[in-house]
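Provided herewith is a single structure, encoded as structure tokens, for subsequent inquiry.
We just call them A, B and C in the order they show up, numbering each chain from 1.
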Amino acid sequence: MPRTDSPAGAGAEILAEISRWPIFDPHTHIDPHRPAARRFDEILGYHYYTELAHSAGMPAELALPAHDPHTRPRRIAPYLERIDTTVQYSWLVEIARVFHGFDGERITPENVDHIVTAAEKEHAHGWDDEVWTRSNLEAVFLTNEFDDPLEGWDTARYVPCLRVDDLVLKLHLPITVDRLRRSSGLEVSDRPSLVAALGVIFDRFVARGARACAISLPHDFAPRPAEPAREVTPVRKVLQGAETRGDEREDVRQAVFWTIAQLCADHKLPFDLMIGPSRDVYPAGVSGGRDLFDRRASLHDYRKLFNHFSSSQFIVSTLAPDAAAELVAYSWIFPNVLPMGHWWYSNIPAFIEPDLRARIQAIPKVKLLGYYSDAYKLEFILPKFNMYRRVLAGVLAREMADRSWSLDQTLQLAKLILLENPRRVFAPRGARG
Amino acid sequence: MPRTDSPAGAGAEILAEISRWPIFDPHTHIDPHRPAARRFDEILGYHYYTELAHSAGMPAELALPAHDPHTRPRRIAPYLERIDTTVQYSWLVEIARVFHGFDGERITPENVDHIVTAAEKEHAHGWDDEVWTRSNLEAVFLTNEFDDPLEGWDTARYVPCLRVDDLVLKLHLPITVDRLRRSSGLEVSDRPSLVAALGVIFDRFVARGARACAISLPHDFAPRPAEPAREVTPVRKVLQGAETRGDEREDVRQAVFWTIAQLCADHKLPFDLMIGPSRDVYPAGVSGGRDLFDRRASLHDYRKLFNHFSSSQFIVSTLAPDAAAELVAYSWIFPNVLPMGHWWYSNIPAFIEPDLRARIQAIPKVKLLGYYSDAYKLEFILPKFNMYRRVLAGVLAREMADRSWSLDQTLQLAKLILLENPRRVFAPRGARG
Amino acid sequence: MPRTDSPAGAGAEILAEISRWPIFDPHTHIDPHRPAARRFDEILGYHYYTELAHSAGMPAELALPAHDPHTRPRRIAPYLERIDTTVQYSWLVEIARVFHGFDGERITPENVDHIVTAAEKEHAHGWDDEVWTRSNLEAVFLTNEFDDPLEGWDTARYVPCLRVDDLVLKLHLPITVDRLRRSSGLEVSDRPSLVAALGVIFDRFVARGARACAISLPHDFAPRPAEPAREVTPVRKVLQGAETRGDEREDVRQAVFWTIAQLCADHKLPFDLMIGPSRDVYPAGVSGGRDLFDRRASLHDYRKLFNHFSSSQFIVSTLAPDAAAELVAYSWIFPNVLPMGHWWYSNIPAFIEPDLRARIQAIPKVKLLGYYSDAYKLEFILPKFNMYRRVLAGVLAREMADRSWSLDQTLQLAKLILLENPRRVFAPRGARG
């Protein structure tokens, strides 16, 4: 009896097949010099666990890094029981099982030392490769600061991606200007030299194999076309370290953002827009667990950007789960808007599933960019992608039944979503021609 | 074994039954003088295909009408593969199969000429009737410009509906004033004569069998009760072709809108409000594929309208899919607010299904107005309604199981939603008494 | 064969088990002096029925209370058929069946008198206890006005909860000031004496066993930290009955709200925030059926409150169904934000189900506060909780399958959600220590 007779059977068959494919991960925060975790503390210290444990009653201080790598896991472990029904926790157990030989049901104060010992990899030669292979990874995109020297790793595996948050949002800080001067080698002092310095950064990144530029934009940012006359003074002031007003700093943000959008266009670099965070909403939270969002944001505010850079590719993630339908519509209409992944607070099956179903039904299949892990350590990529693959298999099985697709046709769509579209959209420069 | 033992079985049985019923379509853009397509180009040229193909990489120029009716389909066909997993594409294949004998799986550059030839109906006598009959249509509502002579067709089949967008939103254009003068036969020059002219239009439409008035309102429109003293000057200025400021044009829009709402009340004409589009968000897009929305719109802005015209019927569609729940609540409370259909960017099963479920659970059954096609050509009505009927059958099968309804009871609800409510709400004038 | 082989089977087994548990209802409007209905009119007069019947065409006057308790049910009954597919109607039939021996399918003009007679309990000794027992109730939280004497009932069963809407939103009305003076015994005349009087109210409530403070806040309220210098004059003016401007009344609202938040913190009283209603949107509606919401509200406006009172517990309900995902994220991050129930316009399975699934996947399990009835009469608690229990069983069965949970593990989570978390969060003062 063919297993595809029922949606559940078809889902299992789709899942089995797509789980064999390699993983192309177009957005992470992996450190290419230490991609896999050396200690379990780097796994359990991920903000998803510290913030959820804190939300469940753990004092924030317990999440602070400790000298002894055993200490923090022991501090956090007693609180894990309180969050053991979340999907984020399920990634943790999967990591312990797949990578550290854990065979228990739950991570407890009693067994955490055992896991910590098993996960001790500081001197385990080839552990990065081991995780890479066991996860069946194909490419992992990084998040590189603009002054990253981009040296010392295989950029075909760990693909550079230029992160421009500091340039756009923090150019009013002298430290940023200083970093820009040193990394560009230019005496940045006014709008023209700023544009030139940004160009130097872009040239360097592209030459070193960068395949995307990325920024996370606050919920109240609304891109504005360049107005050089208006921007010249505020830009000069921040570059010279002068005091600025809020509206002047906003002018600077707008000037830098639009310039960078132009450079992405010039260099044919996809521009990842991660729209929506409100930073430091909860300042007393744990590191990485202080940001939230204001749901009243709309892509309507990005229409001028999307229109102006018509030959660019804007790879868009939105943070508020209820904004997902708007991204579907904008991706349906604008050729240069592509929806990517399911970001942060949207990254749970309850939100991914309906959104993914809508994307598949309404957006050209060649524009569907399935998923990215946003991981800080290699080990997280597999369980996060596995979660997504389960949701994808379920959604596809249902579409297959509703629309009389064959299994082959369905798997072809899955391959586009998971592999072929990301490979093409984020192709190496040469391959794009 | 009865097939209704499982939700899937019940769904199939419900679908089989409701697929036998005629279609009552309360909102389309059909041309009553050429209701069915004469050429496949009129099918494939529908904005859903040109905009999706363009979104997937087809240059907008290829979507421009061509002299030779074979040319445009040949231009578009190579791009169809890129969108062949969308639900919109599924309507296209269904049309080719049901109306043009197509028996392939996909429309390709290789077979498109064949379909074009099969769909050539310029000299096919009775094709409109053929499509009407094969689709089992009962009534198709039109969208008539206010100066449409409303002559030359059977208004029982093709029901006139007064579209007032130009009057409300474009009265500041001399061409609109000119059209109003000619169609009303009045020398429209000030607020009183404007009201009189609008009355003439309404009288004519009602006399010719109009059963609804309709308007699409931008996302930032918030109806305001009439303030004649404030409106008198702006109205006179636009009618006299004088220059006006933005706030004056807004005064005019408000004045005309409120007057029309009053005329709908006076003439007992349901007023279709289609709320949310932002026009020309993507000006470089293909014709019909340039509008989007700003999700930050709320029915709260319509509370004064709903309160003032308490004996009217406002038939409301909202564009942003995430606004659907608000319409459920407003329809639950306001006797004169009825939710209709699933409009445009909301018109895919992924959005229809949860919204329909909520409407069924929370709104009086006598107020549920299922669906409309928004079609430009008759051929689209059937596949769009079939899509809706599949979703409806699935939703009803689940409610039936959860709430222990009998099949009969469930089918009675389906009939209200699909036929009896639309027939009653949009009844011919005489029938309403 | 174990019934948990399929999600449907597991769902049935979960439902059977959780239906045996007692009900802990942390928010109702029950009158402890007349908790169960004495007459069917008190059931059918619930605003859900009168507003839906009115929405379906019943004149609002028919919903007005009548002298003869038979009259209003007879007036409403003819309209029930129009709303008999709503979930709200299903509660009504369940009440008639469970409590009044009704064995029909629908409540009609023909059988309503019979039900009215069966439900006549004015002289039925012990009816409150009977409903309590048959519903398997454990605790029912009240909504007490700040000047309620809180005497004459068992506060372990009927738990006092201080409702502060009048204090915050209506202190500009002399009647409120008068009530505050009389209930506090203080000559309230300025900001310090206002704070003192509020303290007296809190002391009294806590001494009488109150376990929560509650307020419903309008969609456009954004809490502001105390600014005594700014507030002193407006507060004095309202307390002295002077005329005030809108901005002054807003200052007063803010001052009172922040003071009350402080008192909740000082008294370790959970503060129920019910966010979103817009009052009197439809003034011509039936009593209780005039309020709606504006969906453009965000918890981002509450960030200062949540940060300032870090040791408090904010028990949050939001009204707009599309705002649910934001509450998930805020509960995930803020230790002192807990999502509660599914309120009013969100209280239908179509909205509860996806929201509950997201909460379970993303929020620490110890923070999940399942459901409350919001009931005015005891009889409503059971059918509303039964509806929730059905949704919960379905959601849990699916998670159980997706995440390989055992039935025991799943039931433990259900018990946390339905009983253990509410018991702990709303524990009596002594039990919390």
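Here is the rule we use: contacts are C-beta pairs under 8 Å (C-beta built on N, C-alpha and C of every residue); 3 or more make two chains touch, one makes a residue touch a chain.
On a predicted model such as this, the values are computed, not experimentally measured, just so you know.
Arrangement of the chains shown, judged by which pairs touch: all-to-all, with no pair of chains left without contact.
Two copies of one chain, chain B and chain C, touch each other, and the residues they use overlap weakly: the shared fraction of interface numbers falls below half. Averaged C-alpha coordinates put the centre of chain B at 39 Å from the centre of chain C.
In chain A, the residues touching two or more other chains are 296, 322, 354. On the side of chain C, the complex with chain B involves touching residues 51-57, 82-88, 90, 219, 278, 281-285, 289-290, 292-296, 320-322, 345-346, 348-351, 354, 390. On the chain B side of its complex with chain C, the touching residues are 296, 298-300, 303, 306-307, 310, 322-326, 328-335, 354, 357-358, 360-367, 399, 402-403, 413.
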